[in-house]
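Quick one: the structure is below, and I'll ask about it shortly.
Lettered A, B, C and D in written order, each chain numbered from 1.
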Amino acid sequence: MDFTYTILIPLIPLAVFLILGLNALKIKENVAGIVGVLGLLASTILSFYTAFQYFFKVGKVDGVYQTFVEKTTWMNFTDTLAIDMGVLIDPISVMMLVVVSTISLMVHLYSRGYMHGDQGFTRFFAYLSLFSFSMYGLVLATNLFQIYIFWELVGVSSFLLIGYYYTKPSAIAASKKAFIVTRFADFGFLVGVIMIGFYTGTFDFVTLNDPIALQDTASPIMQNIGVTFMGFSVITTALVLIFVGGAGKSAMFPLHIWLPDAMEGPTPVSALIHAATMVVAGVYLVARLFPMFHFIEGGIALEVVAYVGGFSSLIAAVIALTQYDIKRILAFSTMSQIGYMMMALGISGYGGVEGLGFTASMFHLFTHAMFKALLFLGAGSVIHAVHSNVLQDMGGLRKYMPITNITFLIAALAIAGVPPFAGFFSKDEILAAAYESNQLLFWVEWIVAGLTAFYMFRLYFGIFWGKERVYKHAPHESPLSMTLPLMFLAVVSAIAGLVPFSQFVSPDLVGYTTHIHMDIAAMSVGIGVLGIAIAWIMYKKETTIADKITSAFGFFYKWTYNKFYIDELYLFITRQIIFKRIAQPFAWFDKNVVDGTMNLIGNTTVDISKKIKGAQSGKVQDYAFAFISGVVIVIMVFIYFMN
Amino acid sequence: MIPGVTIYEILTVTTLLFFIGVYGFVTRKNLISILLSVELMLNAVAINFVAINKYLYPDMLEGVYFSVFIIAVAAAETALAISIIINLYRLVTSVDVNVTETMKH
Amino acid sequence: MEQIIFYILSLIMVVFAIASVTSRKILRAVVYLLFVLIGIAGFYFLIDYNYLAAIQLTVYAGGIIVLFIFSVLLIHHIESKLEVPSLGRRLLVGFGSLVGASVTLFTIWSHPFNVAENSTKATEVADIGRGFLSYGEGGFILPFEVISILLLAAMIGAIIVAKGTRLTQKN
Amino acid sequence: MDILSLFVIVPVLTVLILVFAKDLKQARTIALIGGLVQLGMAVNLLFEYFKERALVPTSESPMLFVKDYIWFENFNIHYTIGVDGISVAMLILTSIVVLAGVFISWKIKDLPKEFFVSLIVLATGVYGFFISIDLFTMFIFYEIAVIPMYLLIGIWGSGPREYSAMKLTLMLMGASALLLVGILGIYFNSNADGGALTFNILEIAKVNIPFEAQKLFFPLTFIGFAVLGALFPFHTWSPDGHASAPTAVSMLHAGVLMKLGGYGIFRVAMYLLPLGAIDWSWFFIILAVIGVVYGALAAIRQNDLKYINAYSSVSHLGMVLVALLMLNKTAWNGAILQSLSHGFMTALFFALIGMIYERTHTRDIQKLGGLLKVLPFISAVYIIGGMASLGLPGFSGFVAEMNIFVGAFQHQDLFHRVATIATISAIVVTAVYILRVVGIMLMGPIKNEEFNDLPPSTWFERYGLYLLLIPIIGMGMAPLWLSDMILDSLTPFIARF
């Protein structure tokens, strides 16, 4: 089967980007919207066609999903090492194509309503197309370097979109923060990529992920496995560094600080980039290299992934409890859910049912993309109506916004893991996998599940129930262009869990069947319902319980409310240490010491020349005297020294 | 050859004259005085030529020739120098070397 | 007799030379120089180069000194005094000249001159003239002619420079 | 007429015609035509080169279109010219930047004729430098390129221009003194295997210059060229010089002239003195890595746009030097690509800074703000340039930097590893200072009411910018042909090590 046409999936948005971007000032709003949506629609249709072809027609040969690669050389490093560009079709890339296409199309549709009347409408759609292009390229990458290339492009489109409201100082700061933090993580990623290239001799995913070669120390890619760095194999180090890159983009602790601030961007952007697609790129990256992570040195790197993921999900859930900005709550929730996915990857095995963690992680990625995008779009709809992000300004909106209310509720139920919504199935698989391999992480995630349910319903009740506020204009339901994507996503969130995911996605590409683990499901649903119930008691009607609890936990509350002061720590490091203690002295050093030395040399020359110039008075007499003295001295020298 | 006078004595006198000229050349500020000192030095040298010719090579006359040349050149030089000085005086109404430094610029 | 005359002449020359370079009145300096030049002419007589002595008297004492006096009269008031250089400068230069003189004298006195004794050949003006006009080996016809051209050039130059501005302005 | 000498003759002819120009209009038209002809020649040369290279592989003849005229027989000085892939790329860079410079100087006010004459004399020197194979001829062209700089900054500059011009000229002259000693040292050792003394690079490359001599003359030649390439700590002329220079001169200087440094190091110091290079590389790697990190950090705290760009140049060109000293093909390829990429980018930046300064009369980023709103085109190009500068994929900087990093990583010892990691870390710092400028200057609220009605960019400004943007994006999108051409030309070099 020839999948060459999939190259069009990223190229169509690129063309749209060029058309809209080059004429950003000329194209009218409705034209830009239509061009953008149509472009993405084409890509979406192609993606779904690809998925259909791959999963149901040609992908499976003898029960194993095949990997299709189409590529061309882009640049040669050495005679053996080169960067290729191309498309790689395998279960996870096709699954990601579907996710990206669906969410992106919904966000495009939604944006036509949400951004209506905005000055930079065309620019916004150009950026969205640029992002879609980069994300598709990332998903379809055939090798590490290609993924790095699109990784950076995704980063820059994220930067542009966060800074979309470029006259707003907080948006500028947030975009800068996002770019620099992820850039810092990418520094690790890049070093990791270069290390892999150097020690294995290839960047190619197919070669790198070959399980037979990975288990055979004589194979070319394992030739340098014996080279160590700080007690670990260099390849393990490289994998950890690559994971640092993934952690940066996926907002894992401690590189998560940019994600909450990134909410300064327009809400559709938050839904698309900072909830559903770009932030899961880190998960996708680890999944891409999963065989390597798993086989190299018994999966030490994978353990790092598991613990970082687990810890991130816990800390994010705790912080989310106390926040008031509804988008930030969702952002921390995103971070927490991505932690879940990372953790699931980390504890996964390779073959057959062992690979449940991997499957679950991808499954959760899929379902989470749907319901989290829905949550963000719903939040956007609310913000659109209330013109505020803050929970205190909302309440009782269910009467004004029925569609938003119901869709939001579905998404909240999904994320809380209530059956039969999508989140229940994926979360259940994750917990089951964790239970099998790592009890500690299982209990952590179990608690997180409860916390998730609690803060999501705190949010839900806070917005749609609770005390009714006085609104300047009466809130109204959003236009159809916005509610249509909400309804579509709500349907998907409700039913996506029924997809037999393990049939399609598994680490060894074979596929297997799973069933619901009743005991674990009972536990997780139990704690979920408990969380919802507590939220119900505290927030459905206006009560003072919340305040009492808050004051009871005073110190702890303050810490979580301030996100454990991690931002302040970073600020301290960058402002006080890097800027003030390093960059400033460097600039000073250059002006005064280096340049000073050069000037000193120059000035000394000038001074000396001035003194010499004094001797060079232009008075013939002085010259004559000097001349005669010289003659006398020379004669004396001849007399006394030469003889 | 002067009876009873050695070449050493003659050269001593000319040396003294020469260095008196040097002293004058360097210390004087007035252009004419400087020219005077130059004349002193030239004459001292001319005597040297003559004396050495007479004492060491009495059969030849090269010393005399050169003395004549020196005198001729000195005359030419003086004439030219004085004309320059006069012209300069017209321009800056001074013949002080320090003042005439302005010519350098 | 000649010895005594030489010493007297030497004394006159040195004393008037010093007077010439230190005198504060320019006209006196010129007159002192005249005495030195006459002393030199006397010296030429002593050494038996009468022709040279005659030239010295006519050209120097007669020509150059007159030029000097004219220019001094043109430029200076007779009574105006010359600026005296600073003491430090005088001492420095005096010391320098003294060192130079002593070094030179030391060199002269320590050099064994190969004096040709007992030559009594008288010098005739005709010999000098012949030497100047000879174009054979050792002849000085070329420098002689060059000098004449130099003198001519100096003369023209002196006129042009001294007349100065008006001539050049026309061009 | 051989097609290489044209690169010297056409600018000289342009200058001769320019002398008769009466006013700005005539001068700029002549300069524009001259620039266009040069660009055409450069592009033509590229195609001719490919055609010829297909017939004559590099192993047979490293240089093509070689022409040799005796110039001064006694010292065996020839006017020898020829090109390989590296010089062809450099010639294209030069012709594009010169043409863009003419566009940017479209409305120069003072002494337009003299300005264009100096500009093109400078270009002549650069062209000549890139085509020479004879060391002496090369050195002469080098001097021709450096001298007009003094006039251009001293006369048309701004701020403390005399100080800057003097500083720049003195430092570069000092460097060329060292360089001359180095070149003469090479010359007098060029008969080490018997045979005549020669200045011809290709001839000298066949000779085994004794190790002691290489050790002595390598640092001289290296520093002589590296001062122009802004090697730490000899970079201080660059910020002041750039800040004072008029726009087109900054463009040409940073874009092209500074590349002479790296090119010269590679073509002369390393090619002719390989043993010296191996022996000294550790020392210069330290200096170059310091330059990379230090330039980037110093750029963080500057407020003058030109200073920021100048320090960023120090950092980027430091990477070129690091890459050259890594002594393998991948890194060298990166170094040359980085030279090209930096040439286009920095010219673009200086052009933009010039336009912004012309409109707002300030280069202090703290006083600017919200330009994206009032000058959308210029600001958008600035952002694109910034993205290229911080090594974003799709732009030339990425291609170059990746080659450098991968090449530098080929060394396995700790020293090289540390140097490599330090160099890579500069990309983070680069992102910081680029975004700082973008955030303060382009985004945010408009700080000054007067900025609300700034004139938009004119057509010639746009042409200039497009001219520079096209190669940046082209190199970034499809680097294969260029990098393969350079890689191929590197084989004779790698054979020396």
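The rule we apply is simple: a contact is a pair of C-beta atoms (placed from the backbone, for glycine too) under 8 Å apart; a residue touches a chain by one contact, two chains touch by 3 or more.
Computed from a predicted model, the values in this text were never measured in an experiment.
Counting steps between touching chains, the shortest path from chain A to chain D takes 1.
Pairwise, the chains sharing the most contacting C-beta pairs are B-C. Chain D has the Cα centre that lies closest to the mean of all protein Cα atoms in view. Per-chain CA centroids place chain B at a distance of 5 Å from chain C. Chain A and chain C have Cα centroids separated by 100 Å.
One inter-chain figure worth recording: chain A and chain B are separated by 95 Å, centre to centre, where each centre is the mean of the chain's CA atoms.
Look at where the CA atoms of chain C average out and do the same for chain D: the two points lie 67 Å apart.
Residue numbers of chain B whose C-beta contacts span two or more other chains: 22, 26-28.
Across the assembly, chain A contributes 625, 628 as residues in contact with two or more other chains.
Annotation, chain-chain contacts: A-B, A-C, A-D, B-C (touch as defined at the top). Contact residues of chain B toward chain A in the complex are 22, 25-28, 34, 97-98, 101, 104.
Interface residues of chain C facing chain A in the complex, by the touch rule stated above, are 93, 96, 99-100, 103-104, 106-107.
Contact residues of chain B toward chain C in the complex are 1-9, 11-13, 15-24, 26-30, 32-33, 35-37, 39-40, 43, 46-47, 50-51, 54-59, 61, 64-65, 67-69, 71-80, 82-87, 89-90, 95-96.
Per the touch definition, chain D reaches chain A in the complex via residues 166-167, 170-171, 232-237, 239-240, 294, 297-298, 300-302, 311, 329-330, 370, 372-373, 376, 380, 387, 390-394, 398-399, 402-403, 405-407, 409-410, 421, 424-425, 427-428, 431-432, 435-436, 439, 442-446, 478-480, 483-484, 487. Across the complex, chain A meets chain D through its residues 24-25, 73-78, 81, 83, 145, 148-150, 152-153, 156, 159, 163, 166-167, 169, 172-173, 175-176, 179-180, 183-184, 187, 190-191, 194-195, 197-198, 579, 582-584, 586-587, 590, 594-595, 597-599, 602.
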